[in-house]
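One structure follows; several queries about it will come next.
When the chains are written out, they are named A, B and C in that same order, and each has its own residue count from 1.
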């Protein structure tokens, strides 16, 4: 009685692209300048498929850390919106990424979050791949099978400061810019000499864009994060600080920079508020900046005191906070003694899977050098506050009564920037 | 490879309307006169979207009671098929309804089922609204923002006998007819001098129309409600009572009306069976009638005896049962000493959320004047019996083997009336 | 803003057919010869609807056993992808199948998995049907209602060796071929003199075709079923056995056939590996064959020893294993002392409901003649191993990185045969 074509398509998002139909084009044109996104952007299955194709299957995704897989055969896995991905260190020491799917019948190859293998053996029929992805053996196949084209399907991977980035795109955008900027800014932090003290996964009942919009402003911090704002000056956007606050900010920046002799960036954010990011006009999808901490805060901890040994090249606690971000799925805050790296992965139009990694120096020992009860609460609390906000916002934007409101030009410039960056990707 | 347009649309039901496509028109034409509705009516997502647009977002919905929010700043919330609604009493004493969504970024504003506020402060960025919905403050927004058009989006609301009705439509149908009829019939019951002794929510695994169809006939009562039918004569539709039963009915009506001196309607339903409702031919979507109770029943309780103090203007127990209904979501049974009001809200094509409110006189005290163990079972049991019936019917109409059968012209005239009323709405 | 037609349709798969749209035709043409099925085949809602129409609502489905309902009024129920089906023995001793749905308002009639009735009385309005499906009474309906056309909607049913098959098709394919073959091969097993010692239901998080593909090869048995392969020679496909193994197989076949004097087939599978099935070229959708057990195995048990009394006509344990299968939903392994019959029913594109029945001789008594701890583990373990494999394969084929790989011509000839059989059905 009717065509199921669109449903068919909707369940089969092509890996490379998702067409802009008239209805989708109409939706993409609906955003009113200076305002939030309309309702359907946070609910629509077809738009979600387009986002997967244009952003999540196209961009560079932070996946994990090279130091998690130090030896040949060490591996990590992750799930990118239903597509299993494998990261493995090869016999040559290189980190590679593959589709975590056997080339025979498509079974998911590695099931654990992490582990070590001599070779990659599919649990179904024992097809065996080298740590570099070549098909080594497929006993039971007929004579004359050519193993050469049956290696694991490779994905582009890059390692920068120990961060492993992966792209599901056949020809992803250049990575060099991110590498240059992250290495310049991040070197002193010693990310590649760190280890994970703790990682926590969170399921957020909200569209992934709501999570980014929440991240891109501190307008909500006064009510939403009473603990967080004690450590920094994020809430004082440009021109908002009183003379007294302004003096405190300047003093904190001067204090931080006075100690600075380790390379990388100094505190460089004098105008206040969050650094501008992303920047759709110049197609900037990564950024770093260093902010000063308020007096009394040596690190981002609830009490303000240090919660582990110094990381990287730091020889003094007063280094402020190094912040780094990349679209579509990474942000981090790195203090003198620890760093909290947060990874985003979508899991449907109304579900987002977050994971935060608490990094400390590789030689720091739990109990002696750090205590999880002191290390975790600052960001675990802030995370949970944000995820609850996002879930209530999802309930609201699901309403037929929701109309996108105006964004504050003073305090939500980055929400606007995010929305414009996003629209540029999905419209392209 | 195909168009996702329809899926896109399906996830974005427009607030005002949902188009009748050829496939939907074909479906709407399928009903065979005198028979039930075809299978797709109880399953189809597109038809459900049309129902939301034409019935649930258009009609007058019973939402709650004015006496639940006696003071300025008292509020109630409810969820109309995914759209959060707020009811709040203003400083002028008026009850108003709003979309329960902040005008800034769309966050759900009030989260509790009920509460009290000095002002409505959005938990996200502290946008602050008066109890009349005006935007009072939006600190952090840029200069020159005009607060006037950014008040909460109002919904039409009416209060009648303490019942709060709300409509999500821009221009709902006239409410005056319901008000006139309900006030005439319901005044003696003292609804506006009542309070809620208990409210119970139920999730029914069935399409909302199955729940109404179940409600609109007592053909199922002999097997389905052995307790319920002891108290009344509902099962004797016109011409069905034996001479002995007929004499009992007449005696009960006479007994009830003999005592009648409080105004409102007397028992007026001599022909037997359920009162005709709804009436699509005259577009009647509300009704009231009073039925006599069987001998031995002073009220609708399992044992027949009174379960609380007399309500309203009643000075004698023998007042029968006042029944009131309005499409698409209210029915009630009011005895001399309590009333049970039931509210329906859809929650998907196969899920309906019901809530029953047990009302007693506002001065009745639990333990002294009433006991929940005696007050609740009659309707709680009847409710659960009905919800189970509806869930098994849903399983059956989901079958490819289901064909709508004939409706009894003697006992299911109201099921037919409901279906014709329903089709008139969704076809319009 | 767009047409919901396809969604409407998708929620209302017609009982008889589901159209091949251009998108569906394109998908059905995608399979590359000698390779697995593309991704969308394991996920797509429209294709699933087509499969229901062309396979599950068209073919002969194994439903249950005649010996479960020995007396008039005994019944069984099952759920075929959301369509409730009733099997009942009539007063004439015949087993009949009906849509398990009342002809009045469509309520599911019988709710229990099995039971006994004098007459079939709908719990909603007491419409009463005979055990042969005629409508006997519908008290409360109006004058002049004709009960004749309102009997339960019959389904085609056949009983063969005690197996009840049902078809939801108006005119199903001929059943005679299956009957002839199954009776010839299965008579000695005494299926119709058996009883169910235990039945276990399993929910498998995988498309039903993955479960069949898994069943149709023993390529995975070495790693997947270390217990199973001790009892048989399944893993030695044609030409794969070493001379020593070959000698063991020949000896086992000879040993089995030497004892053979009970009729039916002897062990007849000398070439090794699984019997060819299904056969799309000759439209063969059922098959039987007998395989020899390895030395030390009198039956398919973990320890190899007998786990119950001999079944049927067997007078010696050394009868090997009778295997029978029919598309789309039955396979079984029958040893001398028990049989394990497995039934498949789809429950969505990514969910399959399996049920295994452990049969023993009708006179075998638990505790005396058999012990569930010895009877169940062989196949319960093998089942659970397979279901886990299928679930991990579903995760893999859901990936945008999945590409169908080559099938082994030596070991996966039946996977290819299944896929070709399947495509023939859904393309037809």
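Things to note:
One rule holds in what follows: a residue touches a chain if its C-beta (ideal position, glycine included) is under 8 Å from a C-beta of that chain, and two chains touch if they have at least 3 such contacts.
Note that the structure is predicted; figures quoted are calculated from it, not measured.
Two copies of one chain, chain B and chain C, touch each other, and the residues they use overlap weakly: the shared fraction of interface numbers falls below half. Taking CA atoms, the transformation carrying chain A onto chain B includes a rotation by 120°, reported to the nearest 5.
The mean-CA centres of chain B and chain C are about 47 angstrom from one another, to the nearest whole unit.
Multi-chain contact residues of chain B (touching two or more other chains): 1-2, 5-9, 12, 14, 22-23.
Against chain B, the residues of chain C that register as touching in their complex are 1-9, 11-15, 22-23, 26, 57, 82-84, 99-109, 111, 123-126, 140-142, 145, 150, 153, 155, 168. Those residues of chain B that touch chain C in the complex are listed here as 1-2, 5-10, 12, 14, 18-19, 21-24, 27, 36, 39-40, 43-47, 49, 213, 219-220, 222-224, 349, 389, 392-393, 395-406, 408-411.
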